[in-house]
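Look at the two complexes coming up: subunit A is in both, with subunit B in one and subunit C in the other.
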Partner chain A sequence: MTSNWITTRAWLLMLPLLIVMIAIIGWPLVDTVRLSFTDAKLVGTEGNFVGFDNYVKMLSGSNFQRTLITTTLFAVLSVGAEMVIGVLAALLLNQQFYGRSILRALMILPWALPTVVNATLWRLIYNPEYGALNAALTQIGLLDAYRSWLGEPGTALTALIVADCWKNFPLVALIALAALQAVPRDITAASMVDGAGAWARFRFVIMPYLAGPLMVALVLRTIEAFKVFDLIWVMTRGGPANSTRTLSILVYQEAFSFQRAGSGASLALIVTLLVTVLAVAYAALIRKSAGAT
Partner chain B sequence: MSALELIDIRKRYGTVETLKGIDLSLASGEFLVLLGSSGCGKSTLLNIIAGLAEATEGDVRIGDRSVTGVHPKDRDIAMVFQSYALYPNMSVARNIGFGLEMRKVPAAERAEAVQKTAKILQIENLLERKPSELSGGQRQRVAIGRALVRDPQIFLFDEPLSNLDAKLRMEMRTELKRLHLMLGTTIVYVTHDQIEAMTLATRIAVMRDGQIEQLATPDEIYNRPATRYVASFVGSPPMNMLEATVADGIAHIDGSLSSLALPDDIKEKAGQARDVVIGIRPESLSLAATGDMAFGIDAMVEVVELTGPELVVTSTIGNQRLTASLPPKSKVTAGTAQRFAIDAGALHIFDKATGKRL
Partner chain C sequence: MERRSLTATIFVYAAALLLAAVILAPVVWLFIMSISSTTDLITKPLRWWPETIDLSRYGVLLSSVANSAGQAFVASLFNSLEVAGMATAAALLVAVPSAWAVSRTPAIGWSLYAVIATYMLPPVALAVPLYMALSALGLLNNVFGLALVYLTILAPFTTWLMKSGFDSIPREIESAATVDGARLDQILRLITLPLAAPVMATAALFAFLLAWDEFFYALLFTSDQRAKTLTVAIADLAGGRVSDYGLIATAGVLAALPPLIIGLFMQRALISGLTNGGVKG
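Take a look at the complex of A and B:
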C-alpha cells in the first residue's frame, strides 16, 4: 500500500464528518462574519455593508467593557475556587476511610446534573422568601432578616459563583484524584522518611504529579467559565442592574432581545477571539509544563 | 545498648495475622538481612521499623528510646526503596539533599554534605541531572546517597537490587558491602534473594508466615539450618531432602531399597524408630566407584546439565530426587546407575513431622 493511498483513504474516511462539520459550524461561522459587517436586523432587512462600524461601536461602548470585567471576575473567581476546592476534595478522597467509594460517587452528582437543573436548585436555595440559605443563616444567628441574594447587585455575582463552583469543582476533583492515584506510594513514603511534613510533601512531591492534569482542568474550566450563559440566564438573566451580565448574555441581548443581528454577530466574534487567545496561551503553558517534567 | 530492638511485634489485618510476634535485637554496625519468600511479612516488618506502618502490638526501640507512634521523620532512620522512589522533578543533588533541606540544614552545609556523599558513591558528575536521565544503577546510587547523606542511626533497605539486571545487581551488592565496611552503619535489609542475604549479612533472619524461622550468621544458616524450610530456602541448587525411616541407626530411604547408616552423633538423636528427612547439599555429594564402601548412596542418573562452573546431575532414588553439583569434568552418563559418596559431616537430619533439626 502506498503512502499516497493511505492519505487518500484517511481523507475519504474523514469526509462525512468534515461535511457535517462544515454544514453546522463552518457555514454559520462564515455567515456570522458576513453579518458582523452589516447593520442587519434579526428579521426583515438583509442589512447594508457598514465596514468595521459594529466592531468599533461594540468595543468602545461602556456595556462591553463593563461586561468584560464581570465575565473576567466570574471566570477567575469561580475557576480559582473550583481548583482549590477540587484539589482539597481529591486529597481528602484519596485517604483511606470507611465509605470512601460512596463519597466519591456522590461527589460526581452536581457535575452530572444538567446546568439548568443546578441553576433552578440554587435559585430555590437563594429564594428571598422561602430559600434554604436565608433560613439556615437566620436560624444559626448569622443573619437578622431574609435577603434577596440574587436581587441585590452586591451579592448576585457571588451567589452565581458559588452555584457554578458547586457544579464544577467535582470535575477538577476527579481529574486531581486520578493524578493523585498515579503518585507512587514509595515516593510519598520516601518523603515522609526524608522529613517532609504535609505541606512540604504536597508542595514538592505531590504537586509535580498534579500540575499537568490540573493545567488541563484549568484550561477547560476557564474557557467554559468565559462562555458561561445557561447558569446565569436561568438564575438572574444578567441582572440585577446588569451586575451579572457576562459576554454571552450581552451577545444574546444584542442579537435576540434587541434584534441587532449585525452588532450581535460582531460581539460574538470578539468573544470567540478572546477565548481562542486564552486557549492558545494555555496550550503553550501545557506544552511548557509537560516539557518540564 | 542495641541499635534496634523489636519486642513481640504483631500485625493483624482484620482476622489475618501477618506478623506473629517478632523479637529481635540488633547491635550497632550489624547488617541484618530479613530473608523470605513473598508474603512472609518481611516488608511489613521493615515498614513497621520505618514507621510507615503501625504494629498492632509490640514495641520498636531505636537506640535507647521507644519509637512506637513516632513519625518516620523523627525516628532517625533512612530508607532505600525497591523502586528507588526518587523525586522525578528534582535534580540528583536536590534529591540527595532533600532530607537535609526538610530538616532546615543551611544551604552551604547541605551542598557540602551532598558533594561528600556523591563522592563516596562516585556520582559527582550526575548531580545536575534529573532521575529520568539516569540508568537503573545510577538511580540506585542516588537512592542510597539520599539515605547516606543524613547519617541516620539505622538504614533500611527494601529489596533495593531487585529492579536491576543480574550483572548490575552483583556490582551493587559488592558496592553495598564496601559501603557497610567503610562506614560501619547499622543496616536492616529485606530481600528474597538468598545470595544477597548470604553475601551481605552479618546475620540473617529467615522469615516464614510472619515468624522468624531462624536468626543466625550466614555460615550457621547454611551449615546448620534450624529447620527443613531454612535448609531448602538457602542454597542453589537447593538442598536434597530425602524422606526416610530410621530403624536401629539405619535410615531406609522411602520408596527405595537404599539405606544409609547414620553417623553416631545423629544416630543418637534420631532414636530408635521415627520418620525423618535427610538433607544433603548438592555440593556434599561426589562420585564414587560402584561397590565403593565409602559412606554413600546409589542412584539412577536422569539428567546431566553443565552450567559452566559445575555439572549438575539429577538422579532418582526410588521415587525421590537427588541433585549433585560436581566438578565440570566429572564423568557421568544419563541413564546409568551411579554411586555418590556423601560428606558425612554435611548430613542434616530433620524430624519429618515438625520439620525441626534433630
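Take a look at the complex of A and C:
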C-alpha cells in the first residue's frame, strides 16, 4: 500500500465527521459572521448590510462593559476558589485515614449532578422565605433576619460563585489527586530526611508534579466559567438589576429575547474571540509547563 | 510510611469530616426536601428531618394522568432519553472511523486539532444560524433537530476520546494481521473494534451524560412536551410559580439519578478519562 492511498483512505474515513462538522459547526459559524454585519431580525427580515455598526454599538455600550467585568469576576473568583479548595482536598485525600476510599467516591457526586439540578438545588437553599441557608444561619445565631441571597445585588454573584464552586472543586481535586499519586514515595521520604518542612516539601517536591495537570484544569475551567449560562439562567436570569448578567446571558437576551439577530451575532463573535484568546493562551501555557517538567 | 502525631491525625479526621459534610449536605438536603411534606418545608424554624416521610411526589411526577405535572415530567424524561440516545449513537458512528483514521495516519493528525478547537466554541456563536436553519427545516421543537444540534458538542468530544483510545491499542497487532492476509474491514471488525470496546463504552457514557446535562440549546430550540428535555422542564419548575418546593426537589432527584449511578459505578473509567484528556471542564 502506498502512503498516498493510506492518506486518501484516512480522509475517506473522516468524511462523515467532516460533513457533519461543516454542516452544523462550520456553516453556522460563517453565517454568524455574515449576520453580524447586518441588521437582521431573528424572524422575518433578511436584514441589510450595516458594516461594523453592530460591533461599534455593542463594544461602546455600557451593557457590554459591565457584563464583561461581571463575567471576568465570576470566572476568576470561582475558578480561583475551585483550584485552592480542590488542591487542599486532594492533599487531604492523599493522606491515610479510615473511610478515605468512601470519601474519594463521594467526590464524584457534585460533578455528576446535572448543572441545572445543581442550580435548582442552590436556588432552593438560598430561598428568601424557606431556604436552608437562612434557616441554618438563623438557628445557629449568625443571622438575625432572613435575607434574599439571590435577590440583592450585593450577594447574588457571591451566591452563584459558591454554587459553581461546590459543583466544580471536586473535579479539580480528582485531577490533583491523580497527579499526587504519581509523586514517587522515595522522593518525599528523601526530602524529609534532608529536613524539608511541610511547605518546602509541597512547594519544591510535590508542586512540580501538580503543575501540569493543574494548568490543564485551570484553563479548561476558566474557559467553561467564561461561557457560563445554565447556572446563572436558572438561578437569577442575570438579575437582580443585571448584577449577575454574564456575556452568554447578554447574547441570549440580545439575539433571542429582543430578536436582534444581527447585533446578537456580533456580540457572540466578540465572546468567541475572547474565548479563543483564552484557548490560545491555554495551549501556550501547557506547552510551556510540559517543557518545564 | 510517615508516622503522624496525634494532633496531625485529629486534624486529618476533622478535615475529612468537614469535606464529607460539604459534599454531602446539599445532595442529602435535596433528597430530604423531596420526601418532606410541604408543611415541614415551610415551618419556621425549619424542620431538618420530616415528621412523616412523604413519597407521594415521586408518584405524582411518574404518573401519566393526562394534563398532570407527571405527564409533562414523564414526557420530558423520555425526550431527554431519546435525544441523548440518538445524539450519542450518531456521534459514535461518525467519531469511531475518523478517530481510528487520525490515530493510524499521523499525516492528518492536524485535523484533530481543528476538531478539538470547535469544542471550545461557545454555543452562542452557533445558536442564531442553527435556530434559523431548524426553523426553516421545520425541526424546531423536534427531538431529531435537537439531537442533530447536540452533535456539535458530542462529535468533537467523542472523536477526541476515541482517538486516545485507539492510540493505546498497538498498531503492531493490525500490521501482523495484514501480513497474515486479513483485509482492512476484517482487521477492524475482528481485532481493533473488539479491543476498543471498553473505550467506546466510556465515550458513549460520557457523551450521554453531556447530552443529558445540556440546557442552552434545549432551552432555545424546544417549546413544549413534544421535545422539551428534562433540564428545561426542571428549569421551568424552578423558575415558575410552583409553591411546592418538594416537587421541584423531587424532579431534581429523578433527573440526577441516572448520572449519579453512572458516576458511582463508572468511577475508575471516569477518573482516568478526566485525567487523561482533562475532559468536561
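Operating definition for what follows: the second predicted complex is superposed on the first by the 293 of 293 C-alpha atoms of A that agree within 3 Å, B and C clash if a C-alpha of one lies under 4 Å from a C-alpha of the other, contacts with A are read in each partner's own complex, and residues count from 1 in each chain.
Quick note on the criterion: a contact is a pair of C-beta atoms (placed from the backbone, for glycine too) under 8 Å apart; a residue touches a chain by one contact, two chains touch by 3 or more.
All of these numbers come straight from a predicted model, not from anything done at the bench.
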Touching partner for A:63 - first (subunit B), second (subunit C), both, neither: neither
Subunit B versus subunit C as contact partner of A:192, first or second or both or neither: both
First, second, both or neither for A:200, with subunit B first and subunit C second: first
Subunit A residues touched by each partner, larger count belonging to subunit B or subunit C: C
Subunit B versus subunit C as contact partner of A:148, first or second or both or neither: neither
Contacts of A:7 with subunit B and subunit C, given as first, second, both or neither: second
Contacts of A:178 with subunit B and subunit C, given as first, second, both or neither: second
Touching partner for A:115 - first (subunit B), second (subunit C), both, neither: second
Touching partner for A:257 - first (subunit B), second (subunit C), both, neither: neither
Touched partner set for A:158, first subunit B, second subunit C, both or neither: neither
Doubly contacted residues of subunit A, that is, touched by subunit B and again by subunit C: 189, 192
Partner subunit A, residues of subunit B touching it in the complex: 50-52, 71-73, 77-79, 81-90, 98-99, 102-103, 146
Touching residues on subunit A, where the partner in the complex is subunit C: 3, 6-7, 9-11, 13-14, 16-18, 20-21, 24-25, 27-29, 31-32, 35, 42-43, 89, 92, 95-97, 99-100, 103, 105-117, 119-125, 127, 129-130, 132, 135, 138-139, 166, 170-171, 174-175, 178-179, 189, 192, 213, 216-217, 220-221, 223-224, 227, 229-230, 233-234, 237, 248, 251-252, 255-256, 261, 264-265, 267-269, 271-272, 275-276, 279
Touching residues (chain side subunit C, partner subunit A) in the complex: 1-2, 9, 12-13, 15-16, 19-20, 22-24, 26-27, 29-30, 33, 41-42, 44-46, 93-95, 97-98, 100-102, 104-105, 107-108, 111, 115, 117-118, 120-133, 135, 148-149, 151-152, 155-156, 159, 184, 209, 212-213, 215-216, 219-220, 231, 234-235, 237-239, 245, 248-249, 251-252, 255-256, 259-260, 262-264, 267, 270-271, 274-275, 278, 280-281
Residue ranges of subunit A touching subunit B (in the complex, touch as defined): 184, 186-187, 189-197, 200, 204-205, 208, 292-293
